[in-house]
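Note that the chains take the letters A, B, C, D and E in the order they are written out, and that residue 1 is the start of every chain.
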Amino acid sequence: MNQKTKLLYGILVLIALLLPFQDFIYLVFAMKVLCFALFACAFNLLLGFTGLLSFGHAAFFGTAAYITAYLCKEAGFSPELGIVLGVLGSGALGFIIGSLAIRRQGIYFAMVTLALSQMIYFLAVQMPFTGGEDGIQGVPRGTLFGLIDLKNDVAMYYFVLAVFLFGFALIMRAVNSPFGQVLKAIRENEPRAISLGYDVDRFKLMSFVISAALSGLAGSMKSLVFQLATLTDVHWHMSGEVVLMTLLGGMGTILGPVVGAGIVVGLQNYLANIGSWSTIATGFIFVICVLAFRRGVVGEIVAYYKSKN
Amino acid sequence: MQETILKTIGLGKSFKGFSAVSDVNLDVSRGTIHALIGPNGAGKTTCFNLLTKFLEPSSGQILFNGLDITNEAPSQIARRGIIRSFQISAVFPHLTVLENVRVALQRGLGTEFHFWKSGDSLHVLNERALELLHEVGLEGFANEETLNLAYGRKRALEIATTLAMEPELMLLDEPTQGMGHEDVERVTELIHRVARGRTILMVEHNMKVVSSIADRITVLQRGAVLAEGSYHEVSSNPLVVEAYMGSHEGAKL
Amino acid sequence: MSNMALEVKNLESWYGESHILHGVNFAVRDGEVVTLLGRNGAGRSTILKTILGLTSKRTGSVEVYGTETISMPTYKIARLGVGYCPEERGIFGSLSAEENLMLLPEIAPGGMGLDEIYEMFPNLYERRNSPGTRLSGGEQQMLAMARILRTGAKLLLLDEITEGLAPVIVQKLGEVVTSLRNKGFTIVLVEQNFRFAAPLADRHYVVEHGNVVEVVQQSELAAKASLLNEYLGV
Amino acid sequence: QSGAKVSGDVVKIGVLTDLSSTYSDLAGPGAVIAAKMAIADFSKDGTVIGKKIELLSADHQNKADIAANKAREWYDKDGVDVIVELVSTNVALAVMEVAEQKNKITLVSGAASLPITNEKCTANNVHWTYDTYALSNGTAKAVVKQGKKNWYFLTADYAFGAALERDSTNVLTANGGKVLGTSKHPFPNSDFSSYLLKAQASGADVVALANAGQDTINSVKQASEFGINKKQTVVPLLMFITDVHSLGLNAAQGMYLTEGFYWDKDDKTRAFAKRFILQHKRMPSSVQAGVYSSVLAYLNAVQKAGTDDTQAVMKALKSTNIDDGLFKGKIRADGKFEHDMYLLEVKKPSESTSPWDYYNVRAVIPAAEATQPLSLSRCKLVTNK
Amino acid sequence: MFELLGITPQGLVAQLLVGLINGSFYAILSLGLAIIFGLLNIINFAHGAQYTMGAFVAWIGLTQISQWLGFPDLSINYWFALIIVPLVLAGFGLILERTMLRRLYHLDHLYGLLLTFGLALIIEGMFRHWYGISGESYPAPELLQGAIPLESIGIILPKYRMWVVVISLVVCFSTWYVIERTKLGAYLRAGTENPKLLQAFGINVPLMISLAYAYGVGLAGFAGVLAAPIFQVNPLMGSNLIIVVFAVVVIGGMGSIMGAILTGLGLGLIEGLTKVFYPEASGVVIFVIMAIVLLIRPAGLFGREK
């Protein structure tokens, strides 16, 4: 990372830290953005850096959301424990779905993940503990480590921010790690990677599980922020949304998914008043993005700077 | 010293009734350069695919250092020290040339699953990578994106990457294909040099290369062994001349 | 003077941002065989691709049998009677060998018949029902060459056709090219294998850094041997 | 009244509804218009106790998290005092939860589930227009009483469908009827022919549709395609006038259904409807009428309490008899607005004389019968006493 | 009487027929998708919206166009719609292809999917805005109104549905014939793999691609017209269907024409039977099948392994 990038990240973190001291951006909205940004980053680890397009990531997001919500509400778990178990749950699910899906490639991979996540959706509708279409509502945020009362939005915000930064740093590290190098090689030329002695499936599975677990982390956080877990979290629309976030922001860029999440969540929020026009507007944004800003917002900026230098 | 490193017993492969390789008994001695030649479609690449388990043999056994590896996975075989190159060039196009080689070197570090470790931990490999690039004459391109290399250079890079694996047994599928004469000579010389201390099994149509460095030659035809011996023995075998080399004029191409 | 089959003037070409050809000039008369020689990466394959409009951008002039093609779509250029055998062979994996062979539309009368082709390449006959990319490297190479002989195209752009072929087949290809030449085909040959190309061609163009830097007539071969050696390291 | 305590010096009403997806016809933009009409009818200059009345609206897309997020933002940041409409139960429950935490008011009109005023009830909520208890009691009882005792259910396979089926089954069996079979269909679903064939083969008198929205519309349409409505009676347990409108009378004729409001019931409703259609180009649905009524009642309660303080307003709401010409009744301790419901029969095309002339009112179901008795309520506000 | 899990054999036959009807829709739609995917390398997410559009255009033709144009007697009836609507949709497809999709061929599938996803949102949003969510009713043509009563089993089958089965089978199999049994099929497959090279052999690939997309969209519109009298014509009718149709295409094998047709029909039947015997699972059965098929036969039932 060069000096300029470091400076940029520093400024961004500073802004994030100062956010509770203003009135312009609503804190819960900011938390939502952070949750989805983490989700999109986790997804990008798979799409942008492993070259696997999963169309079923909602399954991990939603499963963790349900687990955390259920444990915190019905079993009275503390939030940190609820989150850890949620992440473990989605990681385990990631292992199962991943083992099945990584045996296939390209569009088939996308479709297998979609199919398996549809089954998770089916379970979420059918199983008694998920509360059917009403979901699990009124999840208590609880007190973190028995010390910090998360009912307070500011406390909750810093907690979400800390978790996000942790997840983000982990992903950034993973991408540039020795592991990340091998992933990149696999994405580029799989047979060659095999012939160099890499057990490609294990690498793919590993990145799938990491991505699933981090998506779960995002889902768990979301269920605490909004204090609910619903079918929306496991619906394929959610899987689609995260793809859109990643692409809008710029897939394969580190900061892209964060920006993409901000844009999509913001659109949802601020276009909410114009009813059916919001669908149309969203549609137009995608069309324009694909036709004109294919690299995504961050990707375009990066490309611009590259071409200038 | 003439110990067998790789041995196949009755190796065979058929595709939907068409048998591409049948009953091949190879015997590759340690420390030699062994060439596999034969007309197009004779089954050479298929043999390679079987040895590295990119294809599942229909019959037969593969012994590496006396060990039966017939049922092992491709990556496992690679880790045992059998590394192959591909007939159609196989590089990682969007990595730099240096990174290409490093991916191969990286396995030696044993950190390939460490997703929490910094990428800088790989810099220790740069020196060795540059060395390897130097050997194939690509050191000037170290930071070039591989995509932009011309075909011949990609082949050279592939050899460097393969070398990086410090293979005990190297399988080269037409290493000089598509190269200019200069390159061919350099690569031939390179193969000859790196062959010291390891074993090479190569497929090659360029008889100049084969005659100059191969210690032993197996000729395949229609999936079966037609002849075996030194270049001299093989090239004077009328069957081989008819099926493969053509007139002696052609052999000197 | 016989008619021009191909006339390339000031040809420039790009792949995306990268500028590869910088004003290439050469001309081939009907019935001639010429080669493009050069080191790896010199731009020889790119010249062939550019003639057919397969690069992302090109400028200059390319006349095929007297028709200016610089702003024509690729398929129309092909229909002027150009047959192309690409460097990476371009066999279609979803088609069988025979379908690959039969795929190309006949663009002019006088193409070879299927029997004739199978006679020339018996391997192909044997493997005709296999999916195209399941053929061995060399078989694919034969297929790529064979299929353009069916179309009746008279101007052939051949990119490294001897690559990966057994010496016997190379010999045979030499005979094929000679016989095509005798039948009046015009051939532009990109070759690494100079010994293969040398006796076949009327003229050799040496390409370096996207330019034609030297022209060597068949008759001057001996005289310019050292020059060629310098360019190509033969 | 200038000394009145009004938070933020303005009374803010938020219409949180489905503006763009499944329920946008029966609630949606029409609900926003209804709320605007209520404010206009309440005061010409748009004020209450001297303070300005402001209206916000947003789309929750039927997603609980979007709804909860918006509600939080409205309550926290925009100073909204009351949120109305809230079609679809999961949305209503999520927003009620937020409102309870923030000590603000919700007036639910569009959602139908009984738990809203039972196990999930809150002190700051009123359930305005209808609930599944009213639907099943109204329709099921009336139909069984006509002697159509053997029923076959097509039930949407989710909690709401199951609740509708269960409640109706209770009424059915209590009145001597019998369930011959049930087909659970996924939600949403578009082809119902398999289920309809089974229903047909079962020989039941009644094919009851325990589903909603598009599912109901398509079931009715296909039932008529299969000629089922000729031999058997199709009974949609939840259907709105907007659904009948889009189906057309040909397919819908002869069905029985229960609603809390029908525009053509009397002069007052007709007068309201006439004004409404001018703005919306469609007749008001019961949900939209409910929004009008709830907003009007809220403003009256603010006036009466002299403040927009939540407790004071809730007290005023629950202690006033409501009669705005559309709905008449009072609000119980558990938050249920108790009012009459109407059993309606869809007219034949030949009977319909003007656009939107769709129903014959077959019976008035008195408030007491259309509402779950307080004694059975599982609401904490009632059981704790 | 012999009964299987509470269903009479006659009842079962009726159920199978009903399943076949849905199968026909799956077949036409997945056929269109398969052609488009096969040739343009684009997963046409807008396929559902184009199907919706077909139904709406038919409805507009029947009821609205007279007002629009001011000729009170003008009305495009069902039979004309069956021909005109697919042409209108094909024209629409042609415009989309020429102006937008064309720029995406050299890119990853993902971009095509995203673009068409955006298009789907726009199309759906427009209809939603104009005609509301509850949709409109389209009557069956007079000739096909009513039902054939099968008194012996107490079951009635609408004539219109019979017609749907017949006409869709005809359309599907003629399409298959044209693509697989003529040289066109070989061009299509080769064009999928390497369009540039195919052009270098003298084939007008851009035109072929435009027409293929137009044809695929036309098929979607055709299915829309067929569906209008059965389902409520509403803006979401397509988006509810499209995911299932995707699954059908994948199960059949990407790019296999016959695969798309047979799988469509077969899955319609299976789904129909699930609705009878275990209705709760009918929403997920296709995905279960898809997962199983992909694990056993990665390229799909009829797909070629790479």
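By definition in this document, a residue touches a chain if its C-beta (ideal position, glycine included) is under 8 Å from a C-beta of that chain, and two chains touch if they have at least 3 such contacts.
None of these values were measured; they are calculated from a predicted model.
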Chains adjacent to chain A and to chain B under the stated definition are none
Separation of chain C from chain E in touching-chain steps, minimised, is 1
Chains touching both chain A and chain C, listed by label | B, E
With chain centres defined as C-alpha means, what is the inter-centre distance between chain C and chain D in Å?
-> 76
Roughly how many whole angstrom separate the Cα centroids of chain B and chain C?
-> 29
Taking each chain's centre as the mean position of its Cα atoms, how many Å separate chain D from chain E?
-> 36
Using CA atom averages as chain centres, what separation in Å is found between chain B and chain E?
-> 50
At least two other chains touched by the same residue of chain A: list those residues.
-> 126, 275-276, 278-279
Expected list for chain B, residues touching two or more other chains, is none
In chain E, residues with contacts to at least two other chains = 125, 128, 280, 283-284
Listing every touching pair of chains gives A-B, A-D, A-E, B-C, C-E, D-E
For chain C, which residues count as touching chain B in their complex?
-> 18, 39-42, 87-88, 123, 127, 130, 134-139, 141-142, 160, 163-171, 192-196, 232-234
In the complex formed with chain A, which residues of chain B make contact?
-> 52, 54, 73-76, 78-79, 83-86, 90-95, 99, 102-104, 106-107, 109, 111-119, 121-122, 161, 165
Please give the residue numbers of chain E that touch chain A in the complex, ascending.
-> 43, 100, 103-104, 107, 109-111, 114-115, 117-126, 128-129, 243, 246-247, 250, 254, 280-281, 283-284, 287-288, 290-291, 294-295, 298-299
Within the complex, chain D is touched by chain E residues 7-8, 11, 14-15, 18-19, 21-22, 125, 128, 132-137, 139-140, 146-147, 149, 153-158, 160-161, 229-232, 234, 236-237, 240-241, 272, 275-276, 279-280, 282-284
Could you pull out which chain A residues touch chain B in their complex?
-> 170, 173-174, 176-182, 184-185, 188-189, 191-200, 202-203, 206-207, 210
